[in-house]
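Okay, so chain A shows up in both of these, paired with chain B first and chain C after.
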Partner chain A sequence: MSSGNSEPQAEPSSWTLAIRRFLQRSLPLKHLLPDRQPVFVGSWVYIFGVVAIAGLMWVVGSGVVLALFGPQWWHQSGVGRFVNSLHLWSVQVFFVFMVLHLWGQYFMASWRDGRAKTWMVGVVIFAFSIVTAFTGFVSQQNFAGQWIAVNAKDATNAAGIGSFFNVLNFGQMYGLHIALLPMLVATLVGVHILLVRMKGVVRPIENKPDAQPSHEEPAS
Partner chain B sequence: MNTDDPQARYYTGIKMIRYDLVKEFVLALLAVSVLVVGLAGVFSSPDDPAVTIQTWATTNPVDFVTTAASELAGTSGTAGYGPPYTNTADAAQAVGPIAPQTWAGVSMPIDTAKDFVLQPLGFAAVGNPTLTTALQAYGAASSDQQTTWLTNYSTALADATVANEQVSVVSGEYGPVPDLMTGLLGLARTGALDGLLLQSGNLYQTDFTKPLLFMGDGEYLPNLAADQHLTGDQWGMMNETGLYPGQTWLWLFSFWYQIPPFNTAPNTDLLVTLLMIGLTSLLALVPFIPILRDIPRWVPIHRIIWRRYYGGR
Partner chain C sequence: MDAPATYLNWNFILISIPNVIMIVGMLVVFIVALVAPFPSHAEVVVADDNDNE
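Up next, the complex of A and B:
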């Protein structure tokens, strides 16, 4: 039976559909989990970011265990001390490879061709990672943490943030360190990865005048 | 080529190869696991015990009493710190009209004489006639008289001796100050002062502002930090106790504290903080800043990174 209506049906519209279409358009699964990459990706520099993420997973995992048993645990237990050591060294690995990743991306001018947002989110991750690590160092409840807090208060007070970011307040620093800041860093890392997958990795620098580092969108 | 796919269009002319991102991540995670567990197993982590006021008063009673006298006299570092602890005039750091320390105001008011000395002694004076009398005499004296006593006593402390766990000075016009200091030293030695400086009217407490400020005003804590290369002029913010790596990523922040004009300026902390905020903002905005965004094209490090790609064309 024919309906006799040859006019095309209007596409329904809703916020949900708009988001779905945006995601389908911007981040199809083949881009989120691609099985092919441009040939220039076969370089060691691309490993740094992946290793940094692996380091972050160890940071979060060891931190969750430390938080689970409480701030006193690692001072009193051999197992706790070992978990704290895992936390310390994974933080070091995370930062070493994050910095290598950052400098690698700088010398690749990875912000080109519409990737400025990805770069900027990366720098924000770096900055918030430093703040997160700092709150961890002042939350150690040992001499190092005690002195770092006494010493650092002058910078936070001079900057006018000491009133609401009191480095001498263990409860505040510990809360920020185990909850708010890690969630922020993890979320930003997620956004960073999604931005990389949405755009794909940047093409190698071509030393031609029309291929200078730029933040312009590629011509479609 | 899929013309509907922006990535496919972007990579036009570039050979695509099979690449297993998930396998790469799993291998990276395994490698990091071996590295982290190995480092933790071999090197462990530092954990020098925190210094307490009890430790301080027991180990260096003269420094404790000297600091306590300066808290009572209002001449300590905290007493003249400025915001957020005190209203001390001209104490806040500023760079021209930029004065965030002043703008933030005194949000954690601290009266060092009352909070660090007189109030704790008030608790200790219960059932202690000598201390009660000393507190009453001190409270009844004029401000000038108190200043005279404390100035004389602080001067005499330079030649103080320690005997039988007591700090003694030569005879002089000190009023009740020696009794007050003896009482506070005794309180500190028992560990009670550590607790009294934390009390806030609530059972639960996590704010260590007062005891840390008090300890920071003395020489005992900073000297221990200097021994461990932790002070500001020793790149201390990026160091840890022992030979362990600390916050090495703060090397640039620490660097400015080592060189003029920063290390001689009265507003070093604000200058360095503003500089680092500026540099971090520059780093974030590199994609939009000529020269900074062009350096990667001029410096041929990218030729090394992509050498196989360039060589294969």
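Up next, the complex of A and C:
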């Protein structure tokens, strides 16, 4: 029962409140949707990441169409072959620009000033993207796919994972390729972007007045 | 497209021509991105050391 108005009100506490305060503190809207950027961001090197994201959007979009119509369509109809090619070449764009982004961030040591999580999430995205692409290659439903799968079977068996990651099992590979792995990669890319917005873009190495991040105090 | 790729073999290095083209192309794009001028608006936002938002 209430003991009267003279008693100080306890600060309400809940998960919702804690999350809201965390988001307000670490990701205000002006950081999430900035209309200004530091002047050192004016370089083509900073374009690689966003081009990789554009490639990923084309990968997912063309992949959804391929999944809707199925292997017979993507191998035997003209439009199907076009969308199949779009899927392949957007994957090339995604990987090429992801690697260029990796080179750029590596040489500017982008893990500095509290950005280790951003860097590590990027590393994990790269690893899962390779697995996603691999499951796609073995899910093509053609001789190339079978050839890759049969050769990869030796490798996965030798690595000791062949029993639960069976590259000759089309259902398993296709399920991983169109459901689990794309969701994982897309989610991690979202986390990666949020971390970039939370911490800001890393300064060039030679431009370090007290090594301040671009829009926040260094993480402790 | 169905023919096997031509491979370069030098000592222990064995690499297909398409892969060489991709790697060299990526290096060229990377170097061009470092040196090419980036188009900017007339009013350039100059970074402030205290607040670069």
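One rule holds for everything that comes next: the second predicted complex is superposed on the first by the 197 of 220 C-alpha atoms of A that agree within 3 Å, B and C clash if a C-alpha of one lies under 4 Å from a C-alpha of the other, contacts with A are read in each partner's own complex, and residues count from 1 in each chain.
One rule holds in what follows: a residue touches a chain if its C-beta (ideal position, glycine included) is under 8 Å from a C-beta of that chain, and two chains touch if they have at least 3 such contacts.
The structure presented is a predicted model; accordingly, all values stated were derived computationally and were not measured.
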item	value
Chain B versus chain C as contact partner of A:Ser90, first or second or both or neither	first
First (chain B), second (chain C), both or neither touched by A:Phe40	both
Touched partner set for A:His31, first chain B, second chain C, both or neither	both
Touching partner for A:Val185 - first (chain B), second (chain C), both, neither	neither
Contacts of A:Val196 with chain B and chain C, given as first, second, both or neither	neither
Residues of chain A touched, compared between chain B and chain C (which is higher)	B
Which of chain B and chain C A:Val99 touches, first, second, both or neither	both
Residues of chain A that lie at the interface with chain B and also at the interface with chain C	31, 34, 36-40, 42-43, 45, 47, 99, 104, 200, 212, 215
Chain B-facing residues of chain A, complex	31, 33-43, 45, 47, 50-51, 53-55, 57-58, 74-75, 81-82, 84-90, 92-93, 95, 99, 104, 106-109, 111-113, 115-116, 119-120, 123-124, 127, 130, 133-134, 137, 140-152, 154-155, 157-164, 166, 168-172, 174, 199-200, 203-205, 207, 212-213, 215, 218, 220
Chain A-touching residues of chain B, taken from the complex the two chains share	6-7, 9-11, 14-22, 24-25, 28-29, 31-33, 35-37, 39-41, 43-51, 81, 83-84, 92-93, 100-101, 103-105, 107-108, 206-209, 212-213, 215-216, 221, 224-225, 228, 230-232, 236-237, 240-241, 244-250, 267, 269-270, 272-274, 280, 283-288, 293-294, 296-297, 299, 301-302, 305-306, 308-310, 312
Residues of chain C touching chain A in the complex	22, 26, 29-30, 32-34, 36, 38, 40, 44-47, 49, 51-53
Of all residues in chain A, those that touch chain C in their complex	30-31, 34, 36-40, 42-45, 47-48, 96, 99-100, 103-104, 200, 209, 212, 214-215
